[in-house]
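Same chain, two partners: chain A is paired with chain B first, then with chain C.
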Partner chain A sequence: MRLERRANIPLSLAIAAPIGAVIAALLLAGILIAIAGAPVLEAYQRMLIGAFGSRLSITETLTRTTPLILTGLAAAVAFRARLWNIGAEGQFYVGALAAAALGSEHGLHLPSYALIPALMVAGAVAGAILLLVPLALRLRFGVDEVVTTLLLNFVAVLFVSMMIEGVLKDPLAFGWPQSVPIVGDASLPKLIARSRLHIGLLIAVGLALLIWLIQSRTLFGLESRAAGLNPSAARFAGVSLTGVLVKVACLSGGLAGLAGAIEVMGVKGYVTTDLSPGFGYTGIVVAMLAGLHPLGVVVAALFVATMFVGADGMSRALGVPSFIADVIVSLSLLTMLVGLFLTSYRIRR
Partner chain B sequence: MSEPVLRLEGITKRFGTLTANDDVTLELRQGELLALLGENGAGKTTLMNILFGHYTPDAGRVVAFGHELPPGKPRAAIEARIGMVHQHFALAANLTVIENVIAGTERLFSFGLDKSSARAKLKELSARFGLAVDPDARVGDLSVGERQRVEILKSLYRDARILILDEPTAVLTHQEAEKLYATLRGMAEKGLSLIFISHKLHEVLAAADRVVVLRGGKVVAERRAAETSKDELAELMVGRRVARPQRDVQAPGAVLMRATSVDVMSSGTKLLSEVSFEVRAGETLGIIGVSGNGQSALGQLVSGLAKPTEGRLEMLGKEIQAPSPRSFVAAGVGRIPEDRNADGVVGDMLIWENAVLERVRGSEFSAAGFVRRTPSRAFAQTVIERFDVRGGTPDSPIRLLSGGNMQKLILGRNLATSPRILIAAQPTRGLDEGAVAAVHAEILAARRAGTAILLISEDLDEILQLADRVQAIVRGRLSPAIPIGAADPRRLGLMMAGVWDEAA
Partner chain C sequence: MDALDIFASAGLWAAVLRIATPLIFGTLGALICERAGVLNLGIEGIMTFGAMIGWMTVYQGGDLWLGLLAAALGGAAFGLLHALLTVTLGLSQHVTGLGITLFASSLTYFIFRLSVPVSGTPPTIVPFQVIHIPVLSDLPFLGEAVFAQTAPTYLAVALAIVIAWGLARTPLGLAVRIVGENPHAAEAQGIDPIRLRIGAVVFGSALMGMGGAFLTLAAFNSFFPTMVQGRGWVCIALVVFASWRPERALLGALLFALFDAYQLRLQHIVGKAVPYQLFLMIPYLMSIVALLVMARRARVPQALMQPFRRGER
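Moving on to the complex of A and B:
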């Protein structure tokens, strides 16, 4: 037996890989559920009910999906161009902070139709700047951006902490560290009344479509793909690698920052240091499960959100700790990596 | 002649619908140097991988020293005293020669390495087979030729009696290759049996005792090297008569590219030094040289990737102030990079994307930031048809193409737009005989059409066949040009060694 590299990966396999990976992850997690003393099939059934069993649970799942689509796109766009942005978590927070600061009553005073786009742009710009700094270090001094973007996450969260304990602290929050709330005009319209689901979902899905269009149809898409796949050949063909990376960083950091802004404007209304349950990091899993495809990101984000929301329901019904969702999502990243390996090779006797 | 030490019997291997080896039978005798000759894709490497146990054959068996080898077990091949030297070396650059040689042979549980007995054995092997190399040198500091010796020593250290070398001269300079074959001959005389894979006819004729020719996975002929000729082998290998196209005499036109005392520096090192040349319309200027003498820097300079630090570079009568690949392409410079996989194509992108990548910003292939896919695909289709690129449609990934077809596509995407100047850096490196003839024919056709051609090559035959004038490149300097009529291999050899005062 030996492995041979496949000359060509058929589309059917490319789609089967993530599905197989998810099934494998669920099977493996099933062992843990059994150890926790719950019936495995019922547990997964409860999970589905928890995620889709009622109007409330469906809207909650979709609300969870929204930031994951955006951080997933942030990772997918960057990884395609071989910009290893591990800093979506930090970019999410600075985006959230920018939206909260400018959207509070001390911030911009604009009518709703202008305020909402302005805050989104502000969040995206903040996120992009936070990624442009490590990119500049890489281009100028060859500093590995995996390290710098990862470490900047902690810097960003501590900066948020400083701001919400300081100048942005909400005096009416009984001493809790949270920012002053945004004004009513800054909150996103609801998609469905009496739920938390807001129009951010449409924006995220729309952006996924837009990025797919950009990647497959535009000059920038063609050149950034070439730069990611073979930088040397791209340079020979006249593609400016620096230019491509700067644009990709703006897009990637911008998407993560936008995710933070939308979470503040659509769900919370203010910033805390637990605004994100790891949306930035989970975005990496989402992007990998999606095979870095922007439309795949939407599906993968829905899957991950389903796990997280569903696990709460399962936990309530069967007493299995809801941390099982983290386990399933992490396992699916591992099984996906194995799946990617297996699809790019074939087994020969 | 003595007993066969190795016999392959009726080996058949299929990959999907492709039959890579079809009922191949072949024998190697004690003390023999056997050449396995064939074009790229003829099944040579597959056959050797079966012999060495990397692949399992669908039918047939391998017998070494009278014992059948279990299929698919490299360990069994090593134990049967068969050694293999791959085209791409498997050495750890950060370890010393001796550490590389003993890696994998030392006992699993022992503290420290017992290097003294290994060193004695290595020294003895080096001396016996004329494979001089310092056991304590770091492999990363060695030249390519020395690394290859380390690979051979690795096999000998494991007591190999049969040695298989896959394209051993692909990475060597002319001199290193000659030295290697002398060494291999010596090893055969001392009783080792060797098989080497090659597609270079003159090497096969000069070095081997016997030649087995593979074509389309089958053994098509077997000849004693002394009783055959270059022409016969070429015909057997390709399956038809191939004649490399000849150059016609024609008068050159205006100077289209001129360098005057150009220096190129990169991070403090001078890569090119006071380089001067001129290329005229309808003329080919050949730059000959031993690999690693500044060809890459020269290729970059004339492709718009490197900026002159001193001197002038003129194109179409105008001085180039800020060179860039885009401005060169826009000015009508066709560029064939020396490494087609690293610089020429993006393997995972489609053929049409690769066909237009360097000119996609022109209005023909894009509008308002969007790629115009219909004309792009049509352009790729034109290139495929006109330049006879086989093995793919505009929508297949380019890495599915063979080296020769990939090169025809690169050539075609440049020539389809009738460039004023063509830069061809090592245009036939690694190509088989049929593809070489096709590439040469296209270059000559461009010359007839009035293109000024700068040909950078390490292949003496290629320069003699294509160039009108020749300059030699030695350590980043260029010799004065001599007309091809005055260039014979001896004079070019002197120029390549840096002796051009006498030659001029």
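Moving on to the complex of A and C:
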């Protein structure tokens, strides 16, 4: 009996891997729930109710899904081209800051239909720039982008902190460090009345579709895949690796920046340094669970949002710390990696 | 006080050693993993876990050294997980490492919240006290700057020297280096690359855990989430800066801590004229500059991030 690498993975296995991974993660996290002294099945039941049990909870879960789709896409497009963008958290924050700065009453004065797209572009550009810096360092000086993008996350949050305690500080916020609020014209229309759910969800899902089309139908999609699978062969085939990586970085950083801008325009209306509960890092889990597939990202983001929103409700009822959601999500990344390993090999007798 | 007078105060140099200690532990740990060929991005989460479990052990009535040991064992456990996934299964070291960091941090917060109820002021322990080395600590300036530290700081410096010697001069050190450069050649020499890599990652991760525990057992006296603040990533950058050599890792950590200690004091002199966030950015920007300077010059272990599979080239 020996292991043999599969040439290509059948669709059924590609779908079975994340499902198996999530089940394994839920089983393992169940041990912790039991240690915390709560009935495991009831806890998971309450998590489902917490995420989908009422109109409010459903809209909350979908609101939470929106930034996760975008940061998940940011990781997925980058990882596909072997660009290790671990900086989505920082890119999220600079995108949010750009939207908040230009969307305030001191910013752009445009009618709503022009202002909203302009702010989204501004957020995306800010995010893209923050990723182009580490990419330039990699291409010019050979610096590994994993560490630089990670370090820039801290720099970005400190920069945001400096701005919201400085020039962008809201004087009416009773001393709390937060930015001046965006104007009414800059806030995203609601998708459902009397909820926080905004049209950002449609934008995120639309972008997932668009990226899927780009990746499967265009030359750029092929090139970015080739750059990831085998850089030297891609170069031999006449692909400009620098060109592809720059485009991928603009797309990836842009998506993360857009996530920040949309969170400000759709939910908060201003920036604080706790705007993101780790959307950037969680996006990596989303992308991996999705097998880096853009449409899979939407499903994976919904799963992750379900865990986070559901855990809040469950925690209130049963007293299990809501950090259990973080545990489940991070565990599912590790079990997914094992799942990918198992599906990429077959047993030969 | 003038900006340059800061360098003349013994307090600055004492702070340098104190700030450097977690970085020395972490950088040595990451360095050992990488010299054996395994990148361990689990470091940030392992340090967080070490900080919590070390503190928790003491908070529950354990001895300070027992806390340090618990942190080492906790780090080793996550290291074993990382090694099983990246060495035994040969999974992506980047993604697995990040997964370990996310898992270790979230488990840390879960356990902490489960055991310590939410309160305004976090509970405290009695941390490691400063040990004045007889005779030496009576030296003018040097005594106060160098020979009045807590026990883990002395341990960190000693470990750096022992590891530098061990890697360069012992058969085990040689084996680790060969496995990191060319695991197939190592196997031809009768060394088991897989076992050695697992061992190196477990040991390195134990050091990372101790580095985290220094924060709660000596530098501060309580645990709070996000207290590691990217120190793990700084350590990964310092390994490159040190060109994968332990003695340079010690120097790098000290140099780095010097900047950190200096900026803290400079903040007091400059006051509100310059936003404090700019000073806080310095450690991260310094790490990037360090990477920039050394990226092309550093001697990378040739088999770093290449999984070893028996019988495959």
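Some observations on this one:
One rule holds for everything that comes next: the second predicted complex is superposed on the first by the 344 of 349 C-alpha atoms of A that agree within 3 Å, B and C clash if a C-alpha of one lies under 4 Å from a C-alpha of the other, contacts with A are read in each partner's own complex, and residues count from 1 in each chain.
Assume contacts are C-beta pairs under 8 Å (C-beta built on N, C-alpha and C of every residue); 3 or more make two chains touch, one makes a residue touch a chain.
Just so it is clear, the structure is predicted and the values come from calculations on it, not from any experiment.
After overlaying the two complexes on the shared chain, residue contacts for A:226 are found with chain B alone; chain C is out of touch. With both structures placed on the common chain, the touch criterion links A:338 to chain C but leaves chain B unconnected. In the superposed pair of complexes, A:205 makes contact with neither chain B nor chain C.
Contacts of A:136 after superposition on the shared chain: neither chain B nor chain C is touched. Once chain A of one complex is fitted onto chain A of the other, the partner contacts of A:236 are limited to chain B, with no touch recorded for chain C. Contact comparison for chain A: of chain B and chain C, C touches the greater number of residues. The residues of chain C lying in touch with chain A in their complex are 41, 81, 85, 89-92, 94-96, 98-100, 102-103, 105-107, 109-110, 113-114, 229-230, 233-234, 236-237, 240, 275, 277-278, 280-281, 284-285, 287-288, 291-292, 295-296.
Contact residues on chain A toward chain B in their complex (touch as defined above): 1-2, 7-8, 217-223, 225-226, 229-230, 232-239, 348-349. For chain B in complex with chain A, the residues that touch the partner chain are 54-56, 72, 303-305, 324-326, 329, 335, 337, 342-349, 353, 357-358, 360-361, 366, 369-371, 373, 397, 399-400.
If you check the complex, the residues on chain A that touch chain C are 32, 35-36, 79, 84, 86, 137, 141-144, 146-148, 150-155, 158-159, 161-162, 165-166, 281, 284-285, 288, 320-321, 323-324, 326-327, 329-331, 333-334, 337-338, 340-341.
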